[in-house]
Amino acid sequence: MSNDFLAVNNLTVHHGQLCAVDDVSFSVQRGEVFAMIGANGAGKSTLMRTIAGLQKLTSGSISFKGQEISLMPPHKRVKFGVSLVPEGRRLFSSMTLEENLQVGEFKSNKGPFNIHRIYELFPWMPDRRRQLAWQFSGGEQQSIALGRALLTNPELLLIDELSLGLAPIVIEKIYALIPEIVKEGLSVMIVEQDVAQGVGVASRVHCLLEGRTSLSGVPADLTSEAIERAYFGADLNSTKDH
Amino acid sequence: MSLLQLEGVSKKFGQVVVGEQITFQLEEARAIGIVGPNGAGKTSLFGIISGDIRPDAGTIHFEGNDLLKLNSAQRARAGIGRTYQVPRPFEHMTVFENALVAAQQGARLRSQHSYDLAYDSLERTGLSEFANQPAGSLTLLHRKRLELSRALATSPRVLLLDEIAGGLTDLEVNELTAIIRQLQSDGIAIVWIEHVVRALLNTVDRLICLAAGKIVADGDPQEVLSSAAVRELYLGGKVVGESVQ
Amino acid sequence: MIWFNLIIQGILVGGFYALFACGLSLMFGVMRVINLAHGDMAVVAGYVAVMLTPHFHIPMLWSFLVVVPLFGLVGYLVQRTLIQKSIDRDPFTTLLVTFGLSVVIENALLQLYTANAQTISIGSILYKSWHPASIIYISYQSLVVLAIAVVVLASLQLFLSKTGTGRQIRAVADDQEAAQLSGTNYRHIFGVAAAISFATVALAGIAYGMTTQFAPTSGGINLLFAFEAVVIGGIGSLWGTLVGGIALGIAQQIGSHINPQYTLLGGNVLFLIVLAIRPQGLFGKKSSL
Amino acid sequence: MSISPREIGSDLVSIRRTTHSPGITLVVAGAMIGVLTGAPWIFPASFVTVLMNFFILVSMATMWNLMAGYAGMVSIGQQAFVGLGGYATLYFALKGMSPYVAIPFSALTCALIAIPVTYLLFRLRGGYFSIATWVVADTAGIIIGTIALFGGGTGRPVPGFTNFSPTQITNFAYLSCWFVALVVIAGTYLLLRSRLGLVLSSVRDNEISARSSGVKVTSARRTVFIIAAAGCGAAGAVLAIAQPYVQVSNEFNIQWAAEMLFVSMIGGLGTVEGPIIGCVIFFALQQSLQSYGAWYLIIFGSLAVTIAIWQPRGLWGAFRDKFHIELLPVGYWTRSKKQ
């Protein structure tokens, strides 16, 4: 076993017959922010869901803190320190804000986050804690989902498509919290199709294209041309061939 | 008169906007590509046109007739063919029977005429050699082709293609785009959602970019892809966008 | 005055229907399973009560102390084995399996206890009734059952909203995957929901046995009442189920007032009218269908 | 709105609708039909009685299988139409029609009643649909039970047999059961080979794809529901003739739905052969365990549950998947004409 905090080796995942993730390997270290970028359909969400345990892998391995976790059911992975903020927020719609957070807290690990701490991070929450989840705006819902995941006190926080469908100002506000989260000793892995956001916050970047790794490295070393090629899989300025 | 005409089409699921004031026209035998980030409302747009989803507002006209009055089966019969992103073959029927359902119900043909249309639609996608196999036994590539064949067998005027190139190899994508170009030259109008951008660029003569249910760019494919709006949408922020320029 | 009595009697019996129905509603809400053997479980509970009490030297009235927890356990186990296996297949299979179970249980009871009717005799003050006015009579027994129903529904409501496990149950009902991501073992929660469902229906079964005679085949008709109460009240609403039960009770009383043969018809007609006019039920949301 | 089919070459392909040896199938089927028609004169009376019950259940199960196996509708209220068919026969017989002649009219009556019923039931899906079918059956039973002409809850004998000898009555009853089963099975088979059959198979496999291929799913379902009502009505009619007595608690018994469901599940949903094979097993079990009371039902029910979970294609389905044998083929085999 390697010393990597999270080590994903030769991971292949199928949706039925579609190969969504194809032989992808990478690792995340303790205390870092790792960004996975790529266009939609690149397999990023599938990858995240597989790490969280919602999706079965076809082959390869996922080890966390030196232990193979690929056969562990999702709720045990949460107990082991992996928590995912799913794409599309996925709040419990018949519940209030506070109840959503309480579900996250119920089976939580020991750690820095409790509901009080979440209310400090998001000062608007206490006044509206009795409102039902569906009554909040997209950005507010994303914050609740983030709070719910943090309340399980994970060591590795996975965030899938944080900026999806949100206004730029809102995105900026939520992203500003990531350094605070890392300060508490968490590692963060984010999936983004908004490259600039991903590159801006991360210490390392990995790019997926149609299920395969197309680029990886430290942001400073990556040129925008290289990112663009890795992202679209084509040079946009080439001429149309008929 | 346009073949297909959307005017101010809007749709919300709770707080999620999947369509906001979508207006565009499709002329006969043209091919439009649709791109956009996850959750932009691309597949929902197909659902609205094919009748799986009822829009909250707006009108859709097809050959001058109000499409919203028809259910999805009637729209298929009227000439709107569609494929689904995840292929949904009739697993326990043969490949030929899959196409035959569409030829008999969608194109309203009977006996030998229906057999011929079904078989022809399989030949066009290179599936005729598998005609007697159960559809459940097909590989992904062949399932995608079967989606296309079945849509073709409804004898459509407009073909809505939802990510039929996803998950295929380069060679397979090239074969597929050749088939689609042939269909277009046979007079079928095409609307194609695809994230495999290179497949689109080789085929469509117009590109629409959707984001959060809105059309943010519409026009020549190269111009749309290199437009500031689209680059910002995909590559985010100003940082990358400016350094490219 | 006659009408007033009909409504009173409807309310009394409606509480019983709600007690019967709340477990059915809970199981559907959490795991989308309609347990077609729900009614039979009540009958089994009645038989277990009749069978157990002589051995334990406890009064019949207190048999529920043994039977209800026992059924909770049985519910958990049946869910984790048979029902979960069929959920893993598809919704269609859960229907076939629970219906199969229902027929097997009924025939097993017939085989073991013959078709003779049974009662749980409690021989006490509960058989008396109260006459506040000339033609209005309120049996203490029905009043107790109504009170139990209200207490059970209120506790269930409290449990679901105020406890961690209760919130997990609602979380799983809302979004199974998101619940797992919050550390919830949904299969265990399914089991807990089934346990509650079986326990409440066991209680209902014992109450039923104290009120009237029952036989191996009584389960079917009770499932029908429970189902009608759930649909009339609106799927997924606990208090809706109570209102649905009461509406059903009143409709049956009205039917029986017109002609004693029309008791059940009254309920069925109300059910069909609700189905035709407002298929989501009185308190249901449209999307839940 | 006009459709302009693309120009396609005609006669691209030739189609065959039978598999390996239709000749043998035809000979075997012919011989079986001959033997079964002559059964009252060939077999002992006790076996003929078993055959009669067998044919009644086969007719019902074939109809149930058509609904559940092809159109995804799990009805636990088909006894509604069994009962209505029986009482329709009683009604026609009371009005002076021969009970045998009343069979098709009873079936037709059930079909007509089924039409408005679909508009109510089709508002519900899945399990809610199932229990609602039961409410309908329950309601129909209650209403019939209050009609004095039909003898209320205790029922009454079916008249119209006075011109026949006891042997004739038994033989005709047998022949009625057998011919109804034959018509139901042959009709179902022909239906599945027709355009509607192809439509039903597609709806069974994937409803959404079917809609987008132009299939009117709801009207296909409605057609099936009505046909199944007619078929179960005919079964109820011959049940009334076989007794010859109708009673609400017998005709409207949910046990019928249970048996239909079990035999279809065990034999194999979505195949013509499945319910027939399920019925054979059912009656074999019933006959060999008849001295043990209801145990055969308990064993059969448990078997059905087991098969639903672990072998959802049923015994015939599993057998067919393994050996690729079809006794009653409904498919299309293509051969290109170009080569």
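Each chain carries a letter (A, B, C and D) given by its place in the written order, and its residues are counted from 1.
Operating definition for what follows: a residue touches a chain if its C-beta (ideal position, glycine included) is under 8 Å from a C-beta of that chain, and two chains touch if they have at least 3 such contacts.
Bear in mind that the values here come from a model prediction, so they are computed numbers and not experimental data.
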Checklist line | Most distant chain from subunit B, judged by the mean position of its C-alpha atoms | finding: C
Check: Whole-Å distance, subunit A centre to subunit B centre, using C-alpha means?
Finding: 30
Checklist line | Whole-Å separation of chain centres (CA-atom averages), subunit A against subunit D | finding: 54
Note to self: Using mean CA coordinates as chain centres, what's the gap between subunit B and subunit C in Å?
What the structure shows: 49
Notebook entry, point to check: Can you list the residues of subunit B that touch 2 or more other chains?
Noted result: none
Margin query: Could you pull out the residues of subunit A that touch at least 2 other chains?
Written below: none
Item checked: For subunit D, residues that touch 2 or more chains besides their own -> none
Notebook entry, point to check: What pattern do the touching chains form: line, ring, star, complete or other?
Noted result: ring
Margin query: What's the complete list of touching chain pairs for this entry?
Written below: A-B, A-C, B-D, C-D
Margin query: For the complex, give me every residue of subunit C touching subunit A.
Written below: 161, 164, 167-168, 170-171, 173-175, 177-186
Margin query: For the complex, give me every residue of subunit B touching subunit A.
Written below: 14-16, 37-39, 86, 139-140, 143, 163, 166-167, 195-198, 201-202, 212, 221-222, 225-226, 234-240, 243-244
Margin query: List the residues on subunit A that touch subunit C in their complex, please.
Written below: 52-54, 73-75, 78-79, 83-84, 86, 90-95, 99, 102-104, 106-108, 148-149, 152
Checklist line | subunit D-facing residues of subunit C, complex | finding: 28, 33-34, 36, 82, 85-86, 89, 91-97, 99-101, 103-104, 107-108, 110-111, 220, 223-224, 227-228, 231, 235, 259, 261-262, 264-265, 268-269, 271-272, 275-276, 279, 289
Item checked: Footprint of subunit B on subunit D - complex, ascending -> 1-6, 8-13, 15, 195, 198-199, 201-202, 204-206, 208-217, 270, 331-334, 336
